[in-house]
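One structure is given below, encoded as C-alpha cells.
Chain naming follows the written order as A, B and C, and within any one chain the residues start at number 1.
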Amino acid sequence: MIKHRTLASVGTLTVAALALTGCAGSDDDGGSGGTTEVSMLVNVTPNLTEEYWNELVKPFEDANPGIDVVVQNPGAEGVAAALPRLLTAGDAPDVVQSLPPTTDLAPELVDLSQYDWATTGPLADQYSIDGKYYMAGIGFQLQSLWFYNKTAFEEAGITAVPATVEELTAALGKLKDAGWTPVQTGGDWMTSHSLQALGLPSIVGQDPDWFARMSAGEATFSDTYGDAVATYADWVAKGYVPKDALGIKYPDAEQAFLSGKSAIYPMGSWFAGTEAKAEDKAEIGVFRAPAVDGVASPAMGANIASPYSILQASESQDAAAKLVEFLVTDQDAVASQLEVDGNFRDGYEYEMDDLGKELLQIVADTPAEAYTPTGQGYGERTLPTGYSDEINAQTQALIGGTPADKVDAAMDDWFAATIG
Amino acid sequence: MATTTHPTTPVPPPVASGTPAARPASRARRRPAPGVATILKWVVLGLGALVMLVPLYIMVINAFKPQDAIISSPLAITPDTFSLEYLQAALTSEKFNVVKAYGITLLFVALVNLCGIALAAPVAYVIARGRSRWHLGLLLLFVSGLFIPGQVTLIPVVFVLRVLGLINTIPGFILFETAATLPVTIFLFAAYLKTVPRDIDEAAALDGAGKIRAFWSCVFPIMRPVVATIVVLNSISVWNDFVSPQIILGPSSGIYTVTTGVYAAVGEFSTDYTTVFPTLLLAVSPAILFFVLMQRHIIGGLVAGATKG
Amino acid sequence: MATTVPLARARRRPAARVWRDRLPGIVMGGPAVLVFLAMFIVPMFLAFVLSLTDWNGYSLNFTFIGLENYAEAFRNPRTVDAAVFTAVVAFCGTVLCNAVGLFIAALIAGNSRANTLLRTIFFYPYIISALIIGFLWSAMLSPEGAVNGLLGHLGVGPVPFLTEVAFAKASVILTIVWSHFGFNMILFLAGIKSVPTEYYEAATVDGASKWQQFRNVTLPLIAPVFTVNLVLTLVGLLKVYDIVLALTDGGPAGSTQTIVYQILRDSFANSELGFGAAQSVVLLLVTAVLGLAVTFARRGAEKKVAD
C-alpha cells in the first residue's frame, strides 16, 4: 500500500511537471525584444466570439509590428463585474471594452479629450463626464424596440404597428386570442428589458431629467414608473407575459422568437445581427417602443455600441490609443463590428437585410434629443449602482406574480436605502 | 473539540472488524418479522443508490447526444444519434484546455500537499509535545482558522499578495491554499501525535540527532495513516476549490484550473447542453476514476482520521 | 530531554542555552506561524479596517465612515434576505445531511461487499466540485431538463424547480444535501464501527431489540462524532457559494443569494469593498459564535456519555 502511494505521487508529480513544461512553452511572456503588449478585456458573446476578436485586431497587428494585442476573456461574469476585481488585484488590462464610463470609474480612465476620434464619435457628448471624454464607441445601439412576428400580426388582424402603449396592450390581447404567445422574454439579465421598453419612452419622454431627479431623491419610483409597472402586472395577469419565461435563458428566448414560437420580442438592435445570420427564421419586423397616449416625443433608449476606454494604470497608453483609434475609425473594422452585433452608424454601411433597413430608418427618424440611457445610465445621467440588478429582480418578481404595489414599494425602499 | 480517546496503535484497525450488525441480516429468518424490515431496508438503499447514480448516468449518456435528443429523451441511450463530436469539441475548445487544466490542478494539489505537510507536521509535533500555555495557545490559534471562512480572508488576502508581489502568480496561490489547509492538518496531526508514545523521541535523541532531523526521520514515518487522511482531505479541497483560483489567478495569468475552466466554458452557455455535458464529463472523469480506484484507501483514510480526531 | 526542571536550576541556565534549546522548536513552528499570520490574521484585521471605510477597492481616496457599513448591512433588504437564506440553508442542510447520513450509515454499517459498494455510491458526490454539481443539477432541473422530462412521462406538468422562489430555495438545499451527506455518513460509519462489540453483546443478552440497541448503545457512544459532524456541516454550509453560483446564480429574483455570494458581488462587481468587508466580519463572528456554541453545547452531552 505504501509503495503504491509513493508510486502514485511520483507519477502525478511527473505528469504535472510535464504539463507545466507544456504550458510554460505556450504562455508567452510577451514584451520580448521591444514588442509592446496591449491587453484588451472584452465581452465574449455568441456574436463576438474569441476567434472574432482575434481576427478583428489582426489587421492592426499586421500594420503595427511592434504591438501585440492580447484579448482577455472575463468569462461568465462579464466585463462589468470583472474589471473592479482586476483593478483591486492590480491586474487591470490596458483597454477595456463595453464598459460605459461612470463617475466612480472615471478616475481610473484616461481622458481622451485630446483625440478627435473620441470627441466627435457617436454619443460622445452624452457620455462625457465633467466635460471630459472617457470613451470612444463604434455606433448606436438602440434599446427601446419591439420586434414582432409579421405572420402573428397578420393572423391576429393587426394591420398597423402600435403607436401608443394602449394600442400595444390591445394588440397583445388580439395576439393571445389568435393563439400566439404574446411577449417573449427570459429569466436572466434580459427580464427588465421588457419593463424598460414599456416604461422609459413615456417616463423620460415626459421628464427628460428623470435620471438626475431619481438619483437626487427628488422623484420616486412609484410616482414615475408606477403606471408602467401596473400595466406590466396587468399583462402578466392576462397571460401576455408567460410565467415560465423565468426559466428560459437569453439564447433560448431569442431562439424561440426566431423560430416563430412567440409574437413580440423586446430587445435591443443587436438582435438584428443574430437575425441576419439565422436560417429558417420567421418573418420579423420592428417598431419603436411607443409611449402612452399624449406624450409628445417618446424617448428612445440608446447606448453606445462597444465603447472602448483606456485605463490609467496602463503602461502602454500610446499603443493602447492607437489600437482604440483603429477600432473606432477603420472602415472595415467598424463596419464589421456594427454588422456582427446589429448596430448602426451613419457613414458606415454594411450589407443588411430588410430588418436592418427598418432599424436604420428608425435611427434616421429619431431626433438626437430623444436618445436616453437605459438601465443604470451613463455619462451624467446615472442611477445608483445596483439599479440594473434590482429592477431585473423586480421584473422577475412581477412575472412571478408579485403585485404591482409591492414592486413599487420595493423599488422605493431600494432607492431610499441606496441614496440615503 | 472533544475526541474519543481510544488506546490505539499507530496502524489503523482494518475496516473489517466484524460488528454484530451485519450478522443479524442473515439470521433474520430466526427473528420475528424481520424479513419485511430487511426487504424495506434494501428497497430504501436501492432507491437511494438510484438517486445518487442517475445524475452521473445522465451526464455520461448525454455527452454524446445532440441538443434535441438531450431535451426530448434525456434518460434514453440513443445509439443512432451517438456522436463523439461534442466530446471532441469540448476537448479542443479554445476556452478551456481540459488537459492543461488537469496538469495544472494536479500540480497545485501536489505542491499544496507538500508545503502543507512540511509546514504543519513540525509545528504539530511541537504543539503535541509541548506542555506550556504557549503551546496550547498556538494550537488554539491554528484551530481558530477552522472557523474563519475562506471568503472572509480571500479578499483582503488579495492586498497582502499584492504587497508581496505574489498576486496572479502560482506561488501566491499555493501560499494561500497551503495556509487554508493548515488548521485541519495541524489539528489532526497534533491529535495523532499525542497518541504516539514519547519513547520514540527518546530513542531518536539517543541517536544524537538534532531535534529537527529526529522528527523527520523517526517520528514522521509513523504518521503515515494520518498523513494519508490529510492528503486525501486536502487534495479534494484543492482540486475542487473555485473561488480562490478565480480571484487570485486572474485572466491575465492565463491559468485555468479544472473548476475555473469549467466555469469559463459552461458559465455563459449553460443551456447549450452539447457544451455542458461533455465539459462536465471531462472535468469529472479523472476525479471519479481516481476515486473508484482508490476508494478503499480514501474512505479508509477518512475513517481512520475520524476515529482519531 | 528532561521536561520538568526545578525552577531553581532553570534560573541558572544561561540565556543563550535557553534560546538554543528553544531554537529547534522555533524553527519547526516558525514557518507555519508566519504563513498563518500572513494569510489569516493579517487579512482578518485588514478586513475589519476596510469595513470601516467606503473604499471601492481601487481608487486612491476613501473615507472612514465608522460603523456605517454595518448599519447598512442590517438595514439593506438584500443583505438581510441573503443572511436569512444562508441561515435556512445552514440549519436545514445540517439537519438533513446528518439525519440522512446517520440513517444510511446505520443501514450499511456491516462489512459485506454490498455495503462497501453502497458506501462508495453514497459518498462519491462529495469529491466532485460543488460548481460542477451545481451545473449538472441546473441542467437536470431546468424546464426542459431530465427531471421534468421524467415527470412529463409520468403525466406531471413541468415543475419550476429553479424558476419559482420557493422551489428554487428547496432545490438549492436538496442539491446541497445530495452532494454532502456522504461525508456525514462516512464520519458516522467511523463512529459506529468504533463502538466495541461487547456493548452490543451485553445488550442482546439483556433482550434489547435492534432499534433499542441503536438508541441506547450506538447513539450515545457516537456522540463525539455527532458533534464533529454538526459543527463541520454547520460551519461549512454558512459559506455556501459555488453551488449557488452554478445552480441558480442567485436567482430567481435574487432569492437564492447567500451571504458569501453577496460579499463577493459587493466587494468586486459593485465596487463596494468596504461594505463587502463589513459583511465578511459579520459572517466571521456568526460562524465563530455558532461553531463554539454548538461545540460547547455538545460538550454537555458528551460528558454524560463519558460517565
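Note that in this section contacts are C-beta pairs under 8 Å (C-beta built on N, C-alpha and C of every residue); 3 or more make two chains touch, one makes a residue touch a chain.
It should be emphasised that the depicted structure is a prediction, and the values quoted were computed from it without experimental measurement.
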Pick out whichever of the two, B-C or A-C, is joined by more C-beta pairs in contact.
B-C
Remotest chain, chain C as reference, centres from CA atoms
A
I'd like the Å distance between the centres of chain A and chain C, where a centre is the mean of that chain's Cα atoms.
38
Centre to centre, by mean C-alpha position, how many angstrom separate chain B and chain C?
14
Which positions in chain B touch two or more other chains at once?
159, 263, 266-267, 270-271
For chain A, residues contacting two or more additional chains
77, 82, 85, 88
For chain C, give me the residues that contact two or more of the other chains.
142, 267, 273
Applying the document's contact rule, which stretches of chain A touch chain C when the two form their complex?
77, 80-82, 84-85, 87-88, 104, 107-108, 187-188, 244, 246-248, 385-386, 389, 393-394, 396-397, 400, 410, 413-414, 417
List the residues on chain B that touch chain A in their complex, please.
94-95, 99-100, 102-104, 106-107, 109-110, 158-159, 162, 167-168, 224, 228, 247-248, 250-252, 254-255, 260, 263-264, 266-272, 294, 297
In the complex, go through chain C and note every residue touching chain B.
1, 3, 24-25, 27-29, 31-33, 35-36, 38-40, 42-44, 46-47, 50, 104, 107-112, 115-116, 118-132, 135-140, 142, 144-146, 149-150, 178, 186-187, 189-195, 197, 200-201, 204, 210, 224-225, 227-228, 231, 235, 238-239, 241-242, 245-246, 260, 263-264, 267, 273, 276-277, 280-281, 283-284, 287-288, 291-292, 295, 298-299, 302
Spell out the residues on chain A that touch chain B in their complex, using ranges where they run on.
1-2, 5, 8-9, 12-13, 15-20, 22-23, 27, 39, 41, 44, 46, 50-51, 70, 72-77, 82, 85-86, 88-91, 93, 249, 251-252
Show me the residue ranges of chain C that touch chain A in the complex, using the header's touch definition.
56-60, 72, 75-77, 142-143, 158, 160, 162-165, 249, 251-254, 265, 267-273
